[in-house]
Amino acid sequence: MELLTLTAQFEWILGKSNYWASTVLLLIGLHAMISKNNLIKKLIGMSIFQTGIILFYVSAGAKHGAQIPIVHYGHDSHESHDKAAHAAEHAADAGQQVAEAAAPAANHAANHAADATHTLGETLYVNPLPHVLMLTAIVVGVATLGLALAMVQKVYAAYGSIEEDEVLDAIADSTADSTVDSTVDRTVKGTPEA
Amino acid sequence: MSLFFDILAGSLMAAGLIFFVGTVTGMLRFPDFYTRMHAGGKGDTLSTILILLGAAVHVSEDFFHDPIHQWGVLLVMVKILGIAAFLMLTSPTSTHALMRAGFEDAHETDETVVDKDQDGPSLEELQSRTWEERS
Amino acid sequence: MIWQLDLILLIFLVITALISLRVRDLLGASMVFGIYSFLICLLWAGMGAVDVAFTEAAVGAGVSTVILVATVYHTRRVTGGHKRASGMKVLSLLLMLVLGGVLLHASGDFPALGDPTSPANDHPVAQYYIEGSYQDTKVPNLVTSVLADYRGYDTLFETVVVFVAGIGILAVIGVPTARMRREEVCGDTAQFGEDSDLIILQTCRLVVPVLQLFALYVIAHGHHSPGGGFQGGVLFGASYILLALSGGLREALRRLSESMSFRLAACGIVIYAGFGLLCMALGSSFLDYAILDSILPGGVAMARSHSMLIVEAGVGFTVTTILFVIYANLATRGKLEGGL
Amino acid sequence: MNGFILGVALFMLLLVGALLYRVCVGPTAIDRIVAVNAIGTKTTVLLVLIGLLFDDVGMFVDFAVAYGLLNFMGSLAAARYFQRSERRAEADLRHPLPIQSNGGDA
């Protein structure tokens, strides 16, 4: 980085900002999972860790000046795009190359079928693959968060606390008195009762 | 024509921003929960609706340029107006819910904002009533 | 990409993460985590990942905050001081320093953000999805076509994971005896929202039907705009959660009981996997929709497009019902009555 | 016009940052929730503005609608939390439970 101009330095920082942010989020989340005493705080840390990973993936697929990954839908209406697609298909029927039949992103193509020769490669689209991987991860993430929260509720029902050290104390006490069965029994019986 | 739409959209958005500045100032500076809620509930809804209206005007510009090919933007405009309508519905509801929640959580009012000469039970008396008594 | 927005959002994101972990009041921490989700949704939108942003919007606003609040309601709201954790904290900080140093050092080798020629973007698979998938499937939304067609196995098993999470919740906190009693409870004629606030109730009466219609639109229109089974499913599930929050869980369960939820969730997976098996029965590979050309109208590409719609509907069934089951169990500690 | 919209979006984002101060200092949970609510509605607007900046607002408006419909769920859940907690506390006062105060769901 010797002798970079201010602009170049800023661009370098900008280019790495997503990795730094995702690293910081990963570390915050992991630190919370290890050192926080409260189980719900640990789960929030787990979610932050998860978003750090998602941020890494999604930002890997980002491109400067790219369109969102939805083909042949510029900033104008459905209708004109459908027309564009039809025009492109007619062009293909007329014997032109199949690649040209891919619907153009430029909206002017709706009016000028002759213009409908833009290939897909000319418009830059964001890489859709990381989006697919992460989209499912978010929904699975909330399902696993729900499962983890259910376990937290179960821990609270069994030991009367969601602080890690208190739970550990309760476990140690019950083992020392060898009354672990009675503790569990009481709460299990108590739960449907209450 | 284009200039007209730009000015209309721009002024709507600017008005929304002014109200949002008011909201933020109120939420940062007001002394107690109830007054902050007042700033947050009113200014937030109004500024949101104004900025969304500005966006809707900006979007609808394309339609007036080329009504035959661009009528699809009307759908987008209607959706933006729909967002504004639903925010007008849901945002006061959440304000109401939160106000009630804060009341039940026995938040105290700041003495600088309470009218001492009012009639009727004080806030603390109301809060000390049970659920059944209140409703 | 709008770098100004992205930069500010990244900074806010880190700040919000720290706040939500610092706050002692767990209810406050859950709500702050809601802001975190808002910001990250904006960040995805700013990076052009519209489908991810949609999922995050629906999940963050509708589900995750609510289930966190439900758990706080059933446990303890205030977290105490740290008695024993200080040793662990030092150890963890050291570990974080080492790990952070390694990761930050490695970040020098990564391609810059938004570089179109980075290895991830330049890979032939990604290139093929962008250039070829519209011709293959006639689905403009590349994310939908990759999700439901090219990577169908992945999506199928993610859906199964969601289903298994629902079963897991039932196994962890479900209370069998109370469940049997509930059958009678749900049979009685409880008034809609008898213990609710009138204003909230009326608003939700307006919002819930619109939300459900919108969720169906999102599932059905996922080929042409952001959306699909996951997003629509989360929205549909959120509509039932909203019903439960406004009119009481009993009312929501009367519309969609838990047993019916699990039946529909299983149905969703059966639809998805069954469609894959249908492809096998017709003599092709599992989930290779191109062979369905013979029974679906409109050519090979349209057959793949239509198959995706059906598969997304299956995903929608599972996600809707499992999210509602998750809420219903967490809000009542598995008893399906009383509670939040 | 795009520059103006970007300016509006950035300004709003900075104001959201100012609201983060309220979220940070509290003092109580419900003060934070009020700020969360305001940030939620502003997120909806920012989504629309980002859509305008991408010149493709038709795609972004869908999940702005989802936000508009859903963002009051968090405050609704919190409000229900307070309502239920108070009623639970009242019920506990009337019928004190022997072991744990969390046992009774009113």
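Here are some notes:
Going in written order, the chains are labelled A, B, C and D, and every chain counts its residues from 1.
We adopt the following convention: a residue touches a chain if its C-beta (ideal position, glycine included) is under 8 Å from a C-beta of that chain, and two chains touch if they have at least 3 such contacts.
Quick caveat, the model's predicted, so the values are computed rather than measured.
For the pairs A-C and B-D, the count of C-beta pairs in contact is higher at A-C. Compared with subunit A, the chain whose C-alpha mean position is the greatest distance off is B.
The geometric centre of subunit A is 30 Å away from that of subunit B, both derived from CA atoms. Here the spacing of subunit B and subunit D, counted between their Cα centres, is 13 Å. Here the CA centre of subunit C is 18 Å from the CA centre of subunit D. Annotation for subunit A: residues touching 2 or more other chains are 67-68, 70, 73, 75, 78, 156. Within subunit B, contacts with two or more other chains are made by residues 72-73, 75, 86, 90, 93, 97, 100. Shared interface positions of subunit D, i.e. residues touching 2 or more other chains, are given as 28-29, 33, 35, 54, 57-59, 62, 65, 67, 69, 71, 76, 78-81, 83, 102, 105. Subunit D contributes residues 6, 9-10, 13-14, 16-17, 20, 23-24, 26, 28-29, 32-33, 35-36, 39-40, 43, 46-47, 50-51, 53-54, 58-60, 62-63, 65-67, 69-71, 73-74, 76-81, 83-85, 102, 105-106 to its touches with subunit C in the complex.
Across the complex, subunit B is touched by residues 1, 4-5, 8, 11-12, 15, 18-19, 21-22, 28-31, 33-35, 37-38, 41-42, 44-45, 48-49, 52, 57-58, 61-62, 64-65, 67-69, 71-72, 75-76, 78-83, 86-87, 90 of subunit D. By the touch criterion given at the top, residues 197, 199-200, 203, 206-207, 210 of subunit C touch subunit B in their complex.
Contact residues on subunit A toward subunit C in their complex (touch as defined above): 11-12, 14-21, 23-32, 34-38, 40-41, 43-45, 47-48, 51, 54-55, 58-73, 78, 98, 101-103, 120-121, 124-147, 149-154, 156-157, 161-165, 168, 191-192. Taken together, the subunit A residues at the contact with subunit D in this complex read 67-68, 70, 73-75, 156, 160, 190, 194.
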